[in-house]
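What follows are several structures.
Two complexes come next, and they have one chain in common, chain A, joined by chain B in the first and chain C in the second.
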Partner chain A sequence: MRRAFVLALAGMSVSLLVLEWGAGPTWGQEPIKIGASISLTGTYAKPGKYTQEGYLLCEKEINDKGGLLGRKVRYIIYDDKSDPLTAIKLYEKLITEDNVEHVMGPYSSPVTNAASTVSEKYQKVMMASLAATTSIWERGFKYLFMTISPAEVYLEGLVELAAERGLKTIAVMNEDTLFAKAAAKGAIELAKKRGMQVVFHEAYPKGTTDFSALLIKIKSLNPDVITGGTYFDDAVATTRQMKELDVNPRMYGVTVGGDLPEFYQLLGKTAEYVYGSSQWEENLLYPGIKEFVAAYEKMWNHEPAYHSAAGYGACRLLAEAIKRANSLDSEKIR
Partner chain B sequence: MMAGILWLLLAVMGGLAVLPLFASGYIISFTIQIFMWIALAGSWNLISGFTGYVSFGHVAFFGVGAYTGALLVTQAGWHWLPASLAGCVPAAALALLIGYPCLRLKGPYFAIAMLGLNEVVRALVSYFESFTGGGSGISLPPILSIAPVYYAMGGAAVAVTLLTYRIITSRFGLRLLSIREDEIAAETMGINTSLMKLYAFLLSALFPGIVGGLYAWYSSYIEPLGVFPLLTTITMIIMCLFGGKGTVLGPVLGAVLLSVFQELVWARFLFVHQAIFGALIVAVVLLMPRGIMGVLQERYRLPRTV
Partner chain C sequence: MMQVQITGTMVLQIVVSGLLAGGLYALVALGLSLIFGVMRVINLAHGALLMLGAYTTYWLFALFGLNPFLSLLVSVPMLFVVGAVLQKLFVHRVVEAPELSSLLLTFGISIFIANVAMLAWSSDYRSVEFLTGSFILGQIAVSKPRLISFVAALGLTGLAFLLLHRTKIGKAIRATSQHRDVAQICGINVRRIDVITFGLGAGLAGAGGSLVSTMFAVYPEMGLIYVFKSFLVIALGGAGNYPGAFFGGLLLGLVEGLASLFLTAQLSEVIAYIFLVIVLLVRPAGLLGGRT
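Let's look at the complex of A and B:
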C-alpha cells in the first residue's frame, strides 16, 4: 500500500515533468531575453494574468516583425505568488542566472517596490508596467520607469464629474495597502479642492470579505458619492453588498475592479451604473488600438483589460527605447 | 556516529561560508531565505517542539522585529546590523507580556491567544499610521550587496541551532520535555512549569525579532501584510514537524528540504505545486509522524541530542 502510494506520486510527478518540458518553445540562437515576475497565483492573480498576456502578445508581435536589433525577443516570466519576498528571489534569478538584458515590472505596487531594488542594484532597466503609487518613484531609483498614471489621479474623473454635477458629499473607503491608499488620498484632496464635503473615510485590511459594517455606517451618512480605492476582489464584494444592503448613492466608483471584464461577468446587472477607473479603454481613439484589441482577442480568446494594455504598452516602450538607443546598454536606454 | 555528523556539519558550514564568493545572486538570495526559515522554524521548536504548547502567532515577533529594525534604520539612522539585533528587545517584551498570563493556562488557550496576538499587533501597526506608515509600509534604502545579510542571517540560523543543542543537553531541556510528556507529573516532581515555559517562550521570541529586522533590510520594503501573515507561522510549524519537533537538526532539515522542494516543483508546475506540496506533507505526517529526524533516530540509533 505504502509503495503503491509512493509510486503513484512519483508517476504523477514524472508525467507532469514531461508535459511541461514538451510544451517549451524552440527558438533560434541568442534571443534578447527580457524577464519578469508576475502574480499568476495569489491575491493579484486576475490582473496579473492580463499583464502577462500583454507581455506575451508584445513578444509575439516584435518577433513577427523580425525582432529587435536583428535578434528575436524572448520573455522569461515566473510566478511570484503575489509575494514580494518571492519576487526579490525571482528578479535575482532572472538577472544573475537567466542573464536577461532587462526586466519588466511585476504586478502591484508593493511587489514592485520590493523587486525594483534588485534591478536597481544590478543597474538593469525595469519598466514597471503596473505600479501606480508615486512613493515608489520618490526613492530616487535611476533605472526604474513608470508607464501608467499615478494612483492619486485614479479617481480624478469620478470626483470631477461629481463636482460638475453639483454633488456635495462624498464617502471614501479603501484597502489599507500602498496603491489603494494613495488613490483614496488623491480622491479626498481633489474633492476638498472642488468644495465637496468628505463625510467618511475609512480603510479596511486586505483580505476583508464582509463590508456590511462599513457600508451601514456609510448608508447612515447618506452621501451623494461613494468611492473606493480597491483591487478586484474587494470591488466585487463591496458592490454586491451595497446592493444587498440597499445603499444607493447618486454615484459610486471603484479603482481596480470595475475595469475588468470579469467584474460584469460576476455581478451581472449589479455592475451597471458603477464607475470604474481605467488607464485605457478599447474605444479610445489612439492609433493602433483596434489592431491591438484584434490581435489580443485572436491570441487569448477574450477581450483585453487595461492591465493587458499597460503590459503591452510598457513592453513596446522598452522595445522602442532599445531600438532608438540601438543598444542593450542600460545607460544608453535611459 | 556523532563525530561523523559533526564533521559533516562542519563541512557544510565551511562550504556555506565561502558560497557568496562564487555563487550567483539568485543562489545567495535563495540561501538567505533558507537561513531565515531555519531560524524561524528552530525558534518555534524551542517553545512548541519542547513543551508541546503550540504557538500559532510566532510571526508576531518576526513582524515586531521587522518594524523595529526598519524604524531604527529610517528614523534613527542606525546601521542595519545593530538595528536588526535590537529587534529582539520588543519581541521579548511582547513575549513576556503575553506569555506571563497565558502560559499559566493549560489546554488550547495559549494557542488561541497567540493567534489573536498576531492580529492585534498587525492592527496596531496599521493604526499608528504616523509612526509606522500604516498600510503604505516603510521603504528602506536599497541594499547594494546581499553578502552581509547572508552572513548575518546564516549567523542567526547557526545561533538558533546551537541554542537548541545547548538546551536539549541541559537540565532545563529535560524539564521542558517532561512538561510536553506530562505536565502534571512534571509539577509533582517539583518543576516550576509556568516559569520553565516562560523561559522557553522568551528564548523562542528572541530570534524571530532579529530575523525580522534582517528581513526588513533584505527586502528593503515592509508593510503590515507582508510581515504579519499567518502563512509564515504555518510554514514554521510545517517545517518543524516535517524535520522532527523537539530535535536539534529537525528544523534545519525541514527548512532546507521543503524550501528546495518548493523551489524545484513550484517553478515547473505553477498550478499543481500546491497540491503536490500538500500530498507530500500528508504523506510525511501519516508515514512518519515524528518527522525525518524521528525516523533517522530510530533506525540508526542516533542519540536524542541530534
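Let's look at the complex of A and C:
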C-alpha cells in the first residue's frame, strides 16, 4: 500500500516536471513577480476591476511573447477593498512576504497616495496606473511613476464647452477624497478663468447614498451647469436623484462614471445627456489600439474602459523599462 | 460663490425626504431591535440579510420582470426561513452567552454571506430601474420609489406591531423579551420563540432590502451602512423598545436631512452622532426608555 503511494507520488512529480518543461524557456527559473492591490470590492470596485483586467491581459501578452529577461512574469494581486489602510498592509505583504520584484499601482488616487509610501520605503518601483491627483506627485518620491493626465483637467472639456456656449453659472460638488477634490478644484479654477460664476461648491463624504439636501440647495440656485468630482457609485446616485428631485441644469457632467458602459446599463434613459470624462477611447488613432481592444475583448468578453487601457499601458511601460535596463534593479530602471 | 437662501419650501422638501428615508430606517431597525429584545443578541448579520432581500428583488425583477414591491411577498418569507435556519444552526448557541460571543458569531455570519454573494453575483453594482422620477406637489418633489417604499415600510411596521400586540405568538415574544425565565416557567417554549423572532427580524431586514433596492444600488456590501444606522436608531429610541425604534428611525432621517441642508453633507453624519450623544446624556435609556 505504502509502496504504491510512493510510486504514485513519484509518478506525479515526474509528470509535473514534464509539464513545467513544456512551458518553454522559463524552466528552472523563477518567474518575475509583480505585485499590486486593486479595489475589487468596495466603492471603487467597478473601475478597479477594469484596471485589473488590463494588468492581466498585459501579463498574458508578455508571457506569450517569451516573457521578460527570459523569465515569465507573474502578477500577484490582492483586493484592497477600496481602503487605503488595507492597501498599505497589502503592499507591505507583497514586498516583504511575497518578495515581488516591483509593484504596479492600485486603483484611485487616495489608495495610491497611501500605498506608494510603502514601495518608496523599500525602494521598489511603483508604476501607478490610475492616480491622477497632482499632489501625489509633488512629494518628491523617487520610485513612483505616473501614466495618466492629472485630475485637475478631467472636467476641462465640460467647462470649455459650457463657456463656449455662453453658459454663465456653474455648481460643483465632489466626493471628499483626493482625486475628486482635485477634479472639482480644477473645474472651479478653469470656470473662473473662462468668466463663469461658480455659484456653489460642496463636498460630501465617501459612501454617501442620499444626495437630496445637496441637490436641493443646488436646485435653489438654478445654475446653468452642474458638475461633480465623482467616482462611479456617487455618479449613479446623483444622476438618479437629480431626476427624482426634478433638478434640470442646461448641462451636467461627472468625472468617473459617465465613461463606463455600466453607467448606461444601470440608469437607462436617465443616463442620457450626461457628460462624462475619459482618459482614453478606443477610437483614438494611436498605433496598437485596435490590437489591444481585440485582445481585450477576446480575453474578457466585454469592451475595455479607459481604466483597462491605463492599467495595460502602465504594465507595458514597466516591462519596457525593465527590458531597456536589462535588469530588475530599481536604480537602473529609473 | 452665491449664498444659498434656505426657504420654507426647501425645509419642507427636506422634511419630506428625511421622513421618507426615516421610515425605511425604522423598518430595518425594528428587526434588529426585536432580535436584541428577545435574545440579547446583537445581530451584525442584519445588513447581510438586508442585502439578500435586495438581491431577491433584483433577480426577480431582472429575470422575470416581477414588480419589485410585489417581490416582498417572496423576499420576506424567504428571509424568514433563512433567519430561522441561522437561529437553529448557529445563533441559539450564543443566546445566553456574553454579548461578545453573539457579536463575533453574527459578524462571522455576515462576512460569510457577503463573500458568498460576491462569489455568486460579483461585486458589480446593480439597480432595479422600475420607477424613476417623482410626483410634483406644488414646489415639492416626492420621489415615487421612495414614497411607495415609505408606505410599504409603514405598512410592514404596522403589521409587525399588530402581530406583537394582538396575537398569541406576539404576546409570547414580548413575554420572552420581558423575562426569559418567567416566560419559560409560564409554559412558553422560548427556544421556539427565539427561532420565530430571528425569522421575523430577518424577514423585516429582507423587506428593507427589497425596498432599498428600488432606490439605491444593489451590491454585496450594501447592508453595512444600514447596520450602523440601525444601531443609531435603536440607541435613540431605546434598546428593545419597538415604538422607540420606529420614532428613532423617523428622527434619524430628519436629523440627517436637516443637518446637510443647513450645514454640509460632510457634517450630516457627525451631527447625527452628536445628536445621539446628547440624547444618551439626557436620557440614557433612549428617548422612549427601555424595553416594552
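Convention: the second predicted complex is superposed on the first by the 305 of 334 C-alpha atoms of A that agree within 3 Å, B and C clash if a C-alpha of one lies under 4 Å from a C-alpha of the other, contacts with A are read in each partner's own complex, and residues count from 1 in each chain.
Keep in mind that, in the parts below, a residue touches a chain if its C-beta (ideal position, glycine included) is under 8 Å from a C-beta of that chain, and two chains touch if they have at least 3 such contacts.
Predicted model only: the values in this text are computed from it and were never measured.
Engineer: Given the alignment on chain A, is it a clash or a fit between chain B and chain C?
Structural biologist: On the superposed model, which is not a single observed complex, chain B and chain C clash.
Engineer: Looking at A:F232 after the superposition, I want to know if it touches chain B, chain C, both of them or none. Which is it: first, second, both, neither?
Structural biologist: Touch status of A:F232: second partner only.
Engineer: For A:E202, is the partner it touches chain B (first), chain C (second), both, or none of the two (neither)?
Structural biologist: So A:E202 only meets chain C here.
Engineer: Is A:I216 in contact with chain B, with chain C, with both, or with neither (first, second, both, neither)?
Structural biologist: second
Engineer: Just to be sure I read the superposition right, which of the two partners does A:E262 touch: chain B = first, chain C = second, or both, or neither?
Structural biologist: second
Engineer: Touch check for A:T270: first (chain B), second (chain C), both, or neither?
Structural biologist: Only chain C is touched by A:T270; chain B is not.
Engineer: Examine A:K243 and indicate which partner it touches, taking first as chain B and second as chain C; both and neither are also allowed.
Structural biologist: second
Engineer: Just checking: does A:T41 make contact with chain B only, chain C only, both, or neither of them? Give me first, second, both or neither.
Structural biologist: Both chain B and chain C are touched by A:T41.
Engineer: Of the listed segments of chain B (39-47, 111-119, 129-137 or 201-209), which one clashes with chain C in the superposed model?
Structural biologist: Of the stretches 39-47, 111-119, 129-137 or 201-209 of chain B, only 111-119 runs into chain C after superposition.
Engineer: Give me the intersection of chain A's contacts with chain B and its contacts with chain C, in residue numbers.
Structural biologist: Shared contact residues on chain A: 40-41, 176, 203, 205, 207.
Engineer: Chain B touches which residues of chain A in the complex?
Structural biologist: 2, 5-6, 9, 12-13, 16-17, 20, 40-41, 78-79, 84-85, 88-89, 92-93, 95-97, 110, 113-114, 117-118, 120-122, 135-136, 139, 141, 175-178, 180-182, 203, 205-207
Engineer: Mind pulling up the chain A residues that touch chain C in the complex?
Structural biologist: 40-42, 45-46, 176, 197-205, 207-214, 216-217, 220-221, 232-233, 236-237, 240-241, 243-246, 262, 266-268, 270
Engineer: What does chain C use to touch chain A in their complex?
Structural biologist: Chain C residues touching chain A: 1-2, 4-7, 10, 13-14, 17, 21, 118, 123-127, 129, 132-134, 136, 141, 143-146, 216-217, 219-221, 225, 256-258, 260-261, 264-266, 268-269.
Engineer: Given the complex with chain A, which residues does chain B contribute to the contact?
Structural biologist: These residues of chain B touch chain A: 24-30, 33, 122-123, 126, 134-137, 139, 142-144, 215, 218-221, 223-226, 265-272, 276, 279-280, 283, 287.
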